[in-house]
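First, the structure itself, so that you have it in front of you.
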Amino acid sequence: MSKLSIFMKGIIKENPVLVFALGICPALAVSSQAVNAVGMGLATTFVLLCTNTVISLLRKVIPDKVRIPCYIVLTAAFVTITQLIVKAYVHPLYLALGIFLPLITVNCIIMARAEIFAKKNRLFDSVIDALGMGLGFTLALLAIASIREIFGNGTWFGIELPVLAEHNISIFMLAPGGFIAFGILVAIANKVSNGRAAKLKESGCARCPAATACGKGGAA
Amino acid sequence: MAPHRKHTAGCTPLAIPVPAEVHIPMSMHSGAPANLIVGVGDSVTVGQLIGEAATRVCSPVHASVSGQIKRIDTYDPLTGAPAVSVRIASDGEQTLWEGLTPSPVTNLAEFLAAVQASGVVGLGGAGYPTAPKLTLKEGTKLDYILINGAECEPYITSDTRTMVDHTADVWAGALLLKEYLGPKNVVICIENNKPEAIQKLEALCAGVQGMRVHVLPSLYPQGERKVLVYNVTGRIVPEGARLTDVGCIVINCTTVAVIAQYIRTGLPLVSRCVTVDGSAVKHPQNVIAPIGTPIRNLFEFCGGLKDDVKKIILGGPMMGAAVPSLDVPVVKVTSAILALSGRDAEAPTPSACIKCGRCVAQCPMNLMPSFIEDAFERKKVELLRTHKVNLCVECGCCAYLCPSKRPLAQVMTLSKKLLWGE
Amino acid sequence: MNMIVIAILSVTTIAAILAAVLCIASRVMAVEVDERLQTIKDCLPGSNCGACGYPGCEGYAVALLSGDGIGANLCPPGGAVLVAQLSEILGVTAENVAQSIAVVRCMGDRDAQQTKMEYKGIETCKAAKQLFGGAGACAFGCMGYGDCQVVCPSDAVCMENGLARISPARCTGCTLCVKACPNQLITMESTSIATAVLCNTIEKGAIVRKKCSYGCIACGKCVRECPSNSIIMKHNLAQIDYETCTGCGRCVEVCITHCIQPLRPIQEPVAMESEATLV
Amino acid sequence: MTRMIVSFAPHIRERVTTSRIMLDVIIALCPAFIAAVLIFGPRAALVTGVCVASCVFFEWAYQKLLKKTITVGDFSAVITGMLLAFNLPVGIPLWQAIFGSGVAIILVKQLFGGIGKNFANPAITARIVMFISFPAAMATWAPIPVDAISSATPLELIQRGDLAALPGMWDMFIGTRMGSLGETSALALLIGGIYLLARRVITWHIPVAFIGTVFVLTALLGIQPTFQLFAGGLLLGAIFMATDYPTSPQTRTGRIIFGIGCGVLTVIIRAWGAYPEGVSFAILFMNVLVPFINKLTMTKPLGGIKKKP
Amino acid sequence: MEFRTLIIIMMSAALVNNFVLIQFLGICPFLGVSKQLKSATGMSIAVIFVMLLATAVTWPITIFLLQPNGIGFLQTIVFVLTIAALVQLVEITLKRFMPALYSVLGVYLPLMATNCAILAVVLLNINNEHSFVESLVNSLGAGLGFLLAMVIFSGIQEHLENADPPACMRGLPIALFSVAILSLAFFGFTGVVENLFG
């Protein structure tokens, strides 16, 4: 797999949020403001980067039977670190994200990438994969957030937009708007990858977000 | 619910001229087909046995014309299904079979033997051989025999004519049933749009213990056996049980008349009163036609068909079957043939179901046709079982009422097939 | 300094307690499940077609594991690849799987077959069968409403002008279409045969000629011309005996109504991938 | 020889068609439309016209885009447009009405597969979306020519507690009071309702159960029961919105349960909720429960025996 | 801490700011599991059970162990570990004692380990400084809200099987639009709980 394709895969073909429907909770919850969405995306990318590097380094060391708990501990550790950093340096983001910052530990994307990719590939590939997936996640969040903010608030990254500012539809800022925006984006992703994603979704196991983590029976 | 359009109620049935050729299938009843006992070239006379009963639930077949057997077919050209049928070229004399002797009946066994020998089947449309239906298991107590004169299908008036013209036979048959099967009471059920028949039969019933006429509102599907039992006796026939399990028997009034005629004259079921009607028939009327006559002859007798005819129906418009050709023969259960033209014949194109609930409210068996159709489209057999589509009597009320003109009746039959795993 | 020590201490103690609880629990309430069942189920195609004779892939997997000598080659859709996998899992010798494809025994599309009525019921073969077999004049022929196409898992069936055509390349031999056709028109033939009589009628020639231009009119030319006389005439229909048939294709040339058709171009070797002529 | 038509029984059908039923509903809505124009002036007709036109256009465009059969002819889009317009204040900016029609037709109805396949009532859902998206515009009841009527609906007055400013019973009945276009004139709505019942387009179960429950509960809670009947969107909701075919149960008992449920929720929201008007939330919440009500109130087939699983 | 505030906490967690429909927590299992009623109710009951258990275990750890020693920042790791262990415990017991429910739920049990709702409830209990009983009631409310949303949504999912959305909308998008409409319905309850019990 060429380096570029690993990277690009995460963004369009196998976008974790739009295609595999992983990590939907943060994607919907935080995407009312584009700024928060990017913040969340970067935080998650950072955590993904660290976990992938450590796991791919230790992939020979971690015994297979106990691999899931180890991944969880690693992710939790890195999330706590990011939580402290964000609290210290970017306090408004910390307030905006609220409880969703610690919730990154249970974000399925990190578990998924660790399980599918990191434990099987070399460090350099894992890092690129982490960056690809992280960027994919951030772009997806940004897309949802921009739809919601432009229509809901008439602003984008806080900048007033000329026409839309007066004609804003504030439901996009609330929960139903989040679901609708996400639904529209997933539909567009389906259309682009003309149904491959849809087929993928239909077969039972691929549908369940933890499929990559649970590995059928060997639970966490 | 459905309009009655009983235009031919007043016309007394006229016998049609003897057809040049009749085409008699061996399976004109539900149950195993009869075994053919004649060969090509044999000459037969009216009433002579040409097919004997193969199993218990089967009825013998008799020649309806005198003449020579021209050909024996082993399959039905229209459906491709294996079906033995005989073509007899008639010589026009209609000479009766010399063996025809009236068979007086003294006890139940002789009565049932006579009914089986007469070749009579349920003439209401089901076509179940009458003899096995009347042989009851030991110990079944019989409270009611309902003589079904409801005839709720639009257009059809052949039962009405039988009750008006052959009232004596209907009455004699009812007495025979009362005497030999010993039900507590025999009820002749007639819809209130047949005053003449009601008045004649009520005159006969006056004063006779255990016999009465029950006048029913003329609502389709009044004549359906479970609905009739429920409306007259209030009893509900449980799923999978037969009518005799709730102490009732429903028997068509023409069937009763034919039994009485056989015992009186010895002539088996060889001809039948058929209503010929519909917007494409020049002179709608009732005709008496030998069994096996192609329906082409009946239409020609009634002045022929208008040239914009588009649909031919065997039976009534609610439950009858549309046929593609005019060579289909009249069989024992054909109570009417209709020819529709132009707008009547047009099958409306269905649109999406709007879930209005009219079919749910109207179904006589209390089923939910719109949900059954959803389950059928998704092939969910379990859901079909919980909706009990096996109880559907295919009366056609749901499809009749549907504002989106959806083919619900056909969906019901296909759902039953899906449920029984065909 | 002591905060770090306390942190490490507390987390390790909590982890240790939880680990202990889990170990005891997993030992006390152990339930063994045959791991192989799941792996087998993953290999099977999952089309639940029943061609192996068991109720779906789950049934076949359970039967395979029950170990009373069930053949690993009963799944036609799986093909040789599956047989290798299964025999390797079960440690059984891999026999080859009897590969067969579906053949529609009718040529009567909308142009060839006369129409006997305007069919206005539900557009499926099963529904049309109730109403005298749909618009086509021949009651034994293909009604053209595509029940087989709907049920085919590998969409090998295409409806051309009211006639079902199965492409041998895509057909995996799962027999689902055979059950779906109300006129039993589709039969399974081994891939090695050359020609097939594409008609299913039992009616006499004179009647068939009026109904369909491709129908077999039982003229008997193919019976006389066949060098290895492996064709017999039964119920007004030519039937080829594939044991003695050499695949010379002579019958295809002599048949005056072109009812006998080659399953693949005769000269071309048996190539599975190519989209062969027609069937 | 002419080719006969062969189709399955029954071969005769009742004359009523889907577009005939929808036409009846439109006729039943006309009195309310006339009352709205009389009370709120010509802008009412403009808003209704825009709503109907945009609903029909969205349905036509959606089906054209996805190459589906165009079903604009069955007037269902027209009804959704009219009902949506009747739920809006007369002063609503037109672009918001068009946005509402878009939500009603595309998001709630067509995306699920067109008529009969949607589980939520298009007009009600669109009203709630607009109610939440444009709180200010949806709360200004005064029509452009401000006249004597104070600019707050009776329900808002009750919520604020100043009962003195409530309009008299006759005003409530005729409809000369503040409120959205179609819901004010009780008289017009009742005429439409009786027409629908006479034409057997709707059955009495849902409206009677709905209005009855609201009457009884408000009486128990002692907040002017007769007044509550004519206030807010109760009559419009009970007669036209709750009886929408695909989003209400199909059995009689199911419809009664649906009506009672709507009534209870309406009173809860009106008495304690943050929003003055609870009818639309109640109907939407009950729409969502309809699959369960249908399952619960399955008719018992004649002679059907409950088989032990 | 009389009875009235407990009711408020529970009802607001269940209805007003419902965990799934308003606060976007636990969407993955919500969309995945709710195809049939049986698996939806099974999953929800398991979620309620694990939520209560998790609260009961993590609250004392935080109050008595972490906060006095000033290592509150460790709470994420500890919570995640305990929840993962609890889920594993529940799975083993279910597999042993209730195989029927396990066959329905088997695949989705590990998913609860990565379920946002459970971790969120526990974190919220700590952030809002609920007392032990209050946090238990809050978890119960959150679980009931989850159950209510799951059961209602399973009814809609069964209805969706008969709907035919356009090709690219099948599956997840149409489910998302239905959830959007469902969360609209839940908006009606704003303010009801406070006025009713307040």
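For this structure, a couple of remarks:
Going in written order, the chains are labelled A, B, C, D and E, and every chain counts its residues from 1.
One rule holds for everything that comes next: contacts are C-beta pairs under 8 Å (C-beta built on N, C-alpha and C of every residue); 3 or more make two chains touch, one makes a residue touch a chain.
All values derive from a computational prediction rather than experimental measurement.
Annotation of chain B and chain C: jointly contacted by D, E, touch as defined at the top. The minimal number of chain-to-chain contact steps leading from chain B to chain D is 1.
With centres computed as the average of Cα coordinates, no chain lies farther from chain B than A. More C-beta pairs in contact connect the chains of A-E than those of the other pair, out of A-E and C-D.
Distance from the chain A centre to the chain B centre is 70 Å, each centre being the mean of its Cα atoms.
With centres taken as mean Cα positions, chain E sits 46 Å from chain C. The centroid of the Cα atoms in chain A and the matching centroid in chain D are 41 Å apart. Look at where the CA atoms of chain D average out and do the same for chain E: the two points lie 34 Å apart.
For chain A, the set of residues that touch two or more other chains comprises 174, 176, 180.
For chain B, the set of residues that touch two or more other chains comprises 310, 321-325, 347, 407, 410, 413. Residue positions 74, 77, 81, 88, 162, 169, 174, 177, 180-181, 184, 187 of chain E each touch two or more of the other chains.
Of all residues in chain C, only 3, 6-7, 10-11, 14-15, 18, 21-22, 25-26, 29, 31 touch chain E in the complex they form. Considering their complex, residues 374, 377-378 of chain B touch chain E. For chain D in complex with chain E, the residues that touch the partner chain are 66, 107-108, 111-113, 117-120, 125, 128-129, 132, 265, 268-269, 271-275, 278, 281-282, 284-285, 287-292, 295. The part of chain E that touches chain B in the complex is made up of residues 161-162.
Taken together, the chain B residues at the contact with chain D in this complex read 2-3, 154, 226, 230, 236-241, 307, 309-313, 317-325, 338, 340, 344-348, 351-357, 360-361, 363-368, 370-371, 386-388, 391, 394, 396, 399-405, 407, 409-410, 413.
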